[in-house]
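Notes to accompany the following structure.
Chains: A, B, C and D, in written order; residue numbering restarts at 1 for each.
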């Protein structure tokens, strides 16, 4: 085994360096993972560009502790493991040994704060720390992100033995699949009285990047009716149609009025039952509400970073619309096992691996990021070899 | 019995006339009600002032068909009844006869549209017509609002025999109590994982006019924890404290920062679990969100008429807040019986009749409306004698 | 058009007669349907055999008013229609004319009783009357069931224009698909905390006759994980595997202990997350609970007719199991449109028409019933030609 | 401080000994509590009598590791505390010091099993250990139940700083109040369509011992309508009426038919909306279902220990009844803070302390248990002095 790990280090906004970082000794309770594949997520793009976001629901902005190693959607293999980690670190109580393939949740939580104690799945910890985002490469244990040959996983990390029926290109999407628990949350609100997300409902998805696409597939798996996708990228719209969308509307080739007219035509003049806002624009939020029928359900996940302000009419958009609106920024740590199982059950019908449109080596991180930022890609991943 | 009915007719914005209107012959299926008491509602104020609102979730504005007779929160006594009405009109299947006290839902619905068919309680009928609002005094059956000695109730009206344990001052508030089904709706979303409205939750109510006050009482009946009320009127804040609020904040005597600081102090720095927006201002909507903790639940009922635009930051206010937001404009027609029963059960603890702060005769409609518009009143009612 | 309608009349338990019945004149508001296809349902088998069932939740048994014409899962074509029916009878407000293909809900409801007023979808009307079950062939309008060339549909019948994308073999299953709203009901109870029916859950279906099979497909459409089916019929188990079941257990070839062991092996020793009891045996109910994990969700639909008594241990089966149990006997009348739409959306993946295993002419009603009663059939239908 | 702790030790079924037990040295992370008051719970009675119960949802019976010290509903004062316990043991992150009053959850959980990971509130841990029940007095740390002057609380215990507004007689009931989260769970299932537990619903409570009484109060706090209580004890029925029940039925002085007739008379012939089975009899479970209306909601908590078998008719009691049934055996550890807050908010209206009907010293444990077993007591508590 090498004594150093090659890593793509983001030393400041829009500036990567390739470094060889010494692999630290393992402390008891920890493990070292040989990274196989690590996805580029929207969060990584925000950080690269320099956009900020709130964190854990406080007023504070999340500071990026440059230099950092990005990469929080990771699949890899146990390279070295300490005794107690082998016994205890796996979420479902399975024993781990060297060579076992694993996926991981990037978040480490305090387990003591109000949100950890009261909200299931530890998704809003007030002291949350995340691999690939909030650890500095300058501090122990240094190998704190997935765009590296090795990652150092500390005790307290949520680690899951990989479902053996899945390929790395599928496993690397486990976190994204977990995020679609958003739709399970909407389903909780369903009723015979047409609330929430019901079987056969007409759905609009605004933005079909990797998050929007996975929601499209999950919506199909869960029994949605007609699905309309809206995006600027023909590449993405085409892929969405291949994965089960029924109507694709190009944001640049249609007017807002035309989009509204199309949705109404499909729904007896009413508007969509469910809208998923998965783009990165406050204007999409407002349009999304307007595309909704009275009493429709809306999920707001797209404005994950600060995108500025927008004007609404509370009477028209909220009160009189009788809207059911949920904002969401994270997934429960309980979602990884079910997500892998769901991909196993349904990958014959939905070939998740095809969502991985581009694979790059660590050395090519700049090219990888540019590709991820372009409209002609879906999930872009970094490989260690 | 008189052959005419004295009524307060709103012939245009801010202009009432007292008229004697001939009482029409009853058509089979219909009944004539001697009005005992009729409330002044926020909607009546909007109409009086000339504010507009959307209707039935369409793009269209609701036109006021002047001249109209206002008054849709009504209690009265059956003055004359046709055979089939006596047999069939009562919602719970009870027989009616002259002299029976009744309350009524102001809405008449089509029973055929998408919303009537699919949404329980007929609250979003696309062809909704409402006594006191959308009927013209110029058209049959003329006596179409409660600020009149008599009202003509057409077949299709939802009529409920009055609970004999309640006084007119309580019965006149049955519709307002029905509107607090909003809190039952929030309760549906409650969970051990602190979503929606849970027992003991800290709640903020923005605006404690009659709607806000009834929500305060209902929240108490349903097991809320600390309740903070915000209003400009000392009169209303004082009454709210008498009915179970724990903290009163005067909007004119505190800054937004002070209000936020107070709520945070009460909640370990987090913000309220539940916020009810019951004022008539888009700025209250934005402040309400800011008073909420991450993942908190918000009810938007205050901007019932068009109050103009306001600016939000989708990232901060919606997505990152992980908000659960419900807009509501109406109540299910199924709520009248349970509402009367609830008032009966709990009027020892909460003397609903005291919410009726002023009673005026039809002749004094101008004074009644001015009183209702002032901050030093709660529920103002019009009496026929 | 013929002046009589050939019909299979059940004159008493286990005794059919083929009769030519004069077609009555249409009253205003009504329509005449040329029946294309009518399914044989479990209820029809109970009636044929002479089993009884409770009705509308009362203590009373439902009497069968022999002679009757069975058949309540019907698809047909409008043969004659009155003016007001053409305007108003279609549930979604569409106009109807001769030649239009329609499906129908068999239930006619009072619209006035407690359950009609309060429970969405009119499924528990206390005065419910049903085509194919509670009307006598001896009374006007005589043609009151689907095993006849023509059916007379009275005003008040819920009629739905057929989805043009579907074949009669699919449309005839619309009611059965509507019944799977049971799974939507279970989904309402889902949560991140593993209650109700969650994406990827392990499910057991006891009994894969037509109802169980449709639940299997609906569970797949809604994102179930592993599905285990239990039945005595190899024919049905084989078909279930073709439609997406993962494990088939033959009730006659396995012991209860073996079935329990198999489910536990699949679930880390816990038991199934969800059990659907769709057989016709009280013992299946008890075994179903035993197959469930602590806190699992169970749907009891199989003991639709009186199957006698069974012994349980309330401590072990109910309290300590922390069971979530729902009994269900009917579907909301709002389910027909969404059910047709769902079949349209998903018939490429699940060829519903193959569930129709046998088609018989009216003259062959005895043979049809015997086939439906045998284990080597799935949905058996009666055709008018 | 004494070097020994007097304790009531149950050395075998129905045999107590008063012992002086040496107080062990504190290990880091742990604390010593001076017990002020400890309740006698139904579980304690089952153990005393020798009844068995399932545990953690497994097939295995729970063995009682005699000798034990009972008492799991405890309030006390920190007598000695280690540094890390002072910093970390309190559930809401508050610091603890000697002299602070605390309450505690009796359950210690593994935090790793399927149920700990997936079910919010750690209520079904498969390796659960509980003070007062599953620890032996013969093994370290010996002082493992509340019927002792001192209790040794190990690291991992859920400890809550006492709400200063409450008296010991109220605080000792915190766990019982937490158990009424059962009603919050029922509320989750409420809907405008009359499911679950809605405001104003008619409720029956079978058995008004301490658990049933607390449910009565919680049901009032949450807005129930008429509440009917059933019990054999006139003492308890009388107290229930004082705390807000509307009708009391003595099980020994009425027949099942009379009880059914009374409930039907109150509900238009339908039956109760909600039934809470809180007695200790399988026959109550069956009667409870029969008292329910179609589609009503039932909570089964009374058969907490094995009470033997009973016969049901699955068709009549489950399927045709369209029952919504939940079995429950425990409460989430998240309930203690909200429960104390709720008692604070509502003790003016409901004087919880009066539920403590008898207080005994440790020396009088036999008399205390006999009193708890008699029908003429409510909550009986053991005091250390």
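In the analysis below, a contact is a pair of C-beta atoms (placed from the backbone, for glycine too) under 8 Å apart; a residue touches a chain by one contact, two chains touch by 3 or more.
Everything numeric here is computed off the predicted structure, so don't read it as measured data.
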Matching A-B in over half of the residue-numbered contact pairs, the equivalent interface among B-C, A-C or C-D is C-D
Of B-D and A-D, the pair joined by more C-beta contact pairs is B-D
Chain A to chain D, mean C-alpha position gap in Å, rounds to 42
Averaging C-alpha coordinates per chain, one finds the centres of chain C and chain D separated by a number of Å equal to 42
Among chain B residues, those touching two or more other chains are 92, 114, 118, 120, 188-189, 191-194, 268, 334
In their shared complex, chain C is touched by residues of chain B numbered 88, 91-93, 112-114, 117-118, 120, 191-193, 334
Per the touch rule above, chain D residues touching chain C in the complex are 53-54, 56-57, 114-115, 118-121, 124, 188-189, 191-194, 268, 270, 282, 285, 293-295, 300-316, 318-329
Chain B contacts chain D in the complex at 92, 120-121, 181, 184-185, 187-194, 198-200, 218, 221-223, 225-226, 268, 332, 334-335, 338-339, 341-342, 345-346, 349
